[in-house]
Amino acid sequence: MTGTITEAAGAADASAPRVREMSMQQAVNAALRTVLREDPRTLVFGEDVGALGGVFRVTDGLQEEFGAERVFDTPLAESAIIGMAVGLAMNGWRPIPELQFDGFAYPAVDQIVNQLARMNYRSRGAVPMPVTLRLPSFGGIQAPEHHGESLEALFAHVPGLKVCAPCDPQDAYRLLLQSVRCDDPVVYMEPKARYWDRRPVELAHDPGDMPVGRSRVLRRGRHATLVAWGAMVHRCLQAAEYAAEDGVELEVVDLRWLKPIDAEGLAASAARTRRAVVVHEAPLTAGLGAEVSALVTERAFGALAAPVERVAGFDVPYPAGPLEPQYLPTIDRILSAVQRTLEYKRP
Amino acid sequence: MTMPSPTPARPEPHPDFGPDFARRCYLQMLTARRIDEEAIALQRQGVFPAYVSLRGQEAAQVAGAAALDTERDFAFPTYREMGVALAMGVDMVGYMASHRALWHGGLYDPAASRFAALNAVVGGPVPHAVGWAVGERLRGGSGCAVAYFGDGASSEGDVHEAMNFAAVYRAPVVFFCQNNRWALSVPNERQVAGGSVAARGQGYGMPGTAVDGNDAAAVHHAMARALERARAGEGPSLIEALTYRVEPHSTSDDTSRYRDAEEERAWRGRDPLTLLRARMEADGSGDAAFFERAEQEARERAEAVRDGVSTAPEPDGADLFTHVFREPTEELARQQRVWHEEVRP
Amino acid sequence: MTGTITEAAGAADASAPRVREMSMQQAVNAALRTVLREDPRTLVFGEDVGALGGVFRVTDGLQEEFGAERVFDTPLAESAIIGMAVGLAMNGWRPIPELQFDGFAYPAVDQIVNQLARMNYRSRGAVPMPVTLRLPSFGGIQAPEHHGESLEALFAHVPGLKVCAPCDPQDAYRLLLQSVRCDDPVVYMEPKARYWDRRPVELAHDPGDMPVGRSRVLRRGRHATLVAWGAMVHRCLQAAEYAAEDGVELEVVDLRWLKPIDAEGLAASAARTRRAVVVHEAPLTAGLGAEVSALVTERAFGALAAPVERVAGFDVPYPAGPLEPQYLPTIDRILSAVQRTLEYKRP
Amino acid sequence: MTMPSPTPARPEPHPDFGPDFARRCYLQMLTARRIDEEAIALQRQGVFPAYVSLRGQEAAQVAGAAALDTERDFAFPTYREMGVALAMGVDMVGYMASHRALWHGGLYDPAASRFAALNAVVGGPVPHAVGWAVGERLRGGSGCAVAYFGDGASSEGDVHEAMNFAAVYRAPVVFFCQNNRWALSVPNERQVAGGSVAARGQGYGMPGTAVDGNDAAAVHHAMARALERARAGEGPSLIEALTYRVEPHSTSDDTSRYRDAEEERAWRGRDPLTLLRARMEADGSGDAAFFERAEQEARERAEAVRDGVSTAPEPDGADLFTHVFREPTEELARQQRVWHEEVRP
């Protein structure tokens, strides 16, 4: 594993963008190398990100390359990790803290919501917070308790935060660069279940026509739109494959930015297909799917032939191994929801 | 950065620590060791997705917990207290079920076992121990709460808040830190400012004692005294059992990235089982026959646990919904119907 | 102030329900007295709830009546307050912790989400958590920073939690009794802006036909439904008054339970009026209004003549005094939204 | 429950604390007192919705902060550090604007003032000081961070985490606790287990010193030493300034519910201004003319601040949106249009 990571890192060395196959975990690593190189104010820190290279090896080799001053371990305390990031930003740094797992972001919520997200506002712009909080997120890897949570609804609700979640290595690379270069705090949610997914990645330094807040249509279709982020994008693409076999053409939108949300992009797609299904891992109630549903309905009501469907985790604590596949949205559930939108008749 | 290594107390054995007690401890420590080995094997065979070994911490866990009164005390574990569970008589198949990922909290009854559901939030259960203990005093009960946590956990705000609460309320709590020198890849030197968790006790006006965590008698002594103190209404204590995590953090970990194999080897040489055995051989509380019998019993027990957990049925999908609330909601019933119609395997 | 509170407390003494005018803050006090009396396992604790009687005097006189063992101050640490509640519940108590203000619930989020909400689940029902977390909430009183926040979307998203928010003294009394008697953890959100609102209260011990999860129609109307909770209910009622002057009859639904949400009740009302506007103080994006919008749309799509409108706080940090009235939903904004739903034409 | 009262250090004045310095301190302490009085009056007149008085803590705040180098150090206040702001030269109208509720963080520039925006989260800013200090060392700078917090705040997990981080990183931080004996209605006895915040320092391997917080020279000495230590790369220190909140917690508070008026009276008798004046009269660093001039200057300054803050314009509603992000979003622009069309007064 180490070997290939080094190779990926090597790829980032040259200035000209080039295409290389790498896993998402390697793509994030390459992006971290890029920003650590391009901006001496960037710092990477968190629990076990140094010598160990992080529990997912995402920070592998960074301490070696950039030294223990710019890439360092912290003691085990999430609130202080974010509090320290705030203080570092106040002193001109661009911190890239990692919280080890989604469920361990909760102890840091106070520092995230009450401090990080509003320091720029509180200081009327005198104290900006260019902080990128990396958070290995979501489920799908049969991990222990608190290692499969989806906190995007919480973060998206917080004024002053931006939130994104890539679904493939290319976007992981691009979104991380954008997040770190952004002068606002960004929560960057890495879908653990896709860490080992290998794809060709162009190590381009420029996000091109993908500004902050823009979604992507990953598959065109005309019968209904599927909206998802993180690992669920992949599942939606699979569902679209199945549906295509039955002649149902599904459009798949990768939301990417969970705040700001590309309301226009979503509405445009839903207006074209007249039907939408939003899919996420987090529990249904008060999940971000509700926001997507509301936004689409507000902006495309007249065009909709059926109410927006939500396929989400159930309103239960994220379960242990054998129950995980029954908790997460399945292809069947997605297709059933599509079916309902297609068969919907006004009473 | 170097860390002043706290000098652990090496007290005389507590009066309770007689030959019978030593034998019981040894048998349980050995059983924990054998179950641990079976668990590592089960992980290698793919039966467990992952496992966190307690190897090297058997004295800290078993000999300490042996001082608890399971009729009235209550233990609040993290994810590594298998030896405590064993010493307290927790159903070990139910305990191990958590590592097979059958149910996060395990499949034993925490209320009946007086051993809380496994807790993966580092530091998280420590304030529960304080609440329980405050409640115990209010009830007029004489039980004590024991909060288990690691050296890494000592950095968490919750642990500080809990210690302060306990000392303010003079609650019957023992804060039991197993300082195994590593919190995943981070050593004490970069984790525990000042170098001693025990030294934190003084700041709260409570006794803080560092003991040799690989010395069963020393750990037992410290725990027994702390429980006596708590039961006498004198408030909480902090014990730091100095030990070592000889295995990787978990089966997914790779220690070669961050620590010297030499260090591990040195600590394997201070094996708590070997130390206890030597003491027992010296004072005559264990002879060859005893150690042979112990080995056999431990092995049989470990195999039974292994077989039990390997063949335990997977939870039914309906269990997703059953325990969310005591008083069910219509919405969750509706979601269960969705599960029933669209997911049920 | 103390005098009237004592009077209110006196009212709770007798067994027969009787009607008395009291403020919401007195009604909560009376409800606390009732549960402290009826169940010796109940405990009230938090910062300054003892001798001071709480910063809003909601716990006034309780320590005097029930003793410092059952009503007590804690040190200043929110995470430990909830952690202690979890431990007390594990030892058979029914804790009623207070967190002093909404914004100071954030330090306790880890204990709330990762511990309190899932201990019953984690233990497969062996360790229930009959905890009522009282949280003075929402804005409208021109308070300092962090004293005007609305956390209902966060809590409603957490599996294992129930959440309610009364809007008047009667419901405050009833909902607190229900919350404390419930064997599940309940977050009970008290709208600070309504603490001093005086109304007749019947100190009945029985919630009657208002089970957990049931909403109330506070005003009947046929042109559109307004949905709100907490202090915004009052504002919606005012808006309905104004609208009535113009011949627009608005139905006003007080949601009361923010989890579980009365989806059926909402849908039934929206189906009758064919239009709905949801109003809340929290920021718009990923607020609970999105959930209400999605639920109503999912269940009443065919009947809706217009998309559900949301009138919410803006996506900005809760502001200081003079800007507060410009942040909170105004009657004008509510009426504009109503107007939009009435004028909506499918494109 | 009784609390062992820590014996405060009464060191010789620091060499810096000469006659000029004493006069400067006295003037600023007096100015803080007069501004405080004006603020209370403004609250009574309805100009401020509420106010938190620092009365009695002028020595702890001003004499400590006077040791800071405002070219390179940085202070992290709570909501009660008006005297620190004054000593550091913060724009006091901008500072007081927060109490008039014009803008939560105040209307001064925290970056330029080297005094962070007011922070109402008890304990919340303490880790910021650590991050700032770690960053200062990384930059090769020689500045120190000073984290202000109260006795109540010492119970918060964030304060513990921050101290541990600072000591692990040997960051140039001074943890400055103003122990004014009360956290709203809760006295030290039920807040600070062990009775001493300073005693917590040892647990992190850092010096913890309790000083008489009403003795300007003692506070100054402790702060100057801690800054020297931090600048020399020797790491963080903890200072506990023992003082007293002679006023209610805030203008909305009612102390008769929870404390003895006698206690307040006794502490009013230990007024830090009186104490400093007595010292200055004794050692000749202040004569009657000086004190008269000081009174006049303080009063004038206070009146200017009062007038400034009373007449400061209210923020424009558009400010709701301006500072949420550095890089604006379309959605927020849309919401601003809604505000413009449907709300703008």
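A, B, C and D are the chain letters, set down in written order, and residue numbers restart from 1 in every chain.
Keep in mind that, in the parts below, a contact is a pair of C-beta atoms (placed from the backbone, for glycine too) under 8 Å apart; a residue touches a chain by one contact, two chains touch by 3 or more.
Computed from a prediction, not measured in an experiment: that's the story for all the values here.
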Pair with more cross-chain C-beta pairs in contact, given B-C and C-D: B-C
Chain at maximum distance from chain C, centres defined as averaged CA atoms: B
Cα-centroid distance, chain A relative to chain D, in whole angstrom: 40
Inter-chain centre distance, chain A versus chain C - centres from mean C-alpha coordinates, in Å: 32
Length of the line joining the C-alpha centres of chain C and chain D, rounded to whole Å: 36
Two or more partner chains touched - positions in chain D: 103-105, 121, 155-158, 161, 164-165, 168, 190-193, 319, 324, 331-332
Contacts with two or more other chains, residues of chain A listed in rising order: 75, 77, 79-80, 103, 107, 110, 114, 121-122, 145-146, 159-160, 261, 285, 314-317
Residue numbers on chain B that touch chain C, as the complex places them: 74, 76, 103-105, 107, 109-112, 116-117, 119, 121, 124-136, 138-139, 145, 157-158, 161-162, 164-165, 168, 319, 322-327, 329-332
Chain B partner contacts - residues on chain C that touch it in the complex: 43, 69-70, 74-75, 77, 79-80, 82-93, 95, 110-111, 114-115, 119-128, 130, 159-160, 162, 182-184, 212-213, 260-261, 263-264
Chain D residues touching chain B - in the complex, by the definition given at the top: 1, 4, 155-161, 163-168, 170, 190-196, 199-206
Residues of chain B that touch chain A when the two form their complex: 49-50, 79, 98, 100-105, 120-123, 152-153, 155-158, 183-186, 190-193, 252, 254, 257-258, 314-315, 317, 319-321, 324, 331-332, 335-336, 338-339, 342-345
Contact footprint of chain D on chain C as seen in their complex: 47-48, 50-53, 55, 73, 75-77, 79-80, 103-104, 107, 142-147, 284-285, 314-317, 319-323, 326-327, 330, 332-333, 336
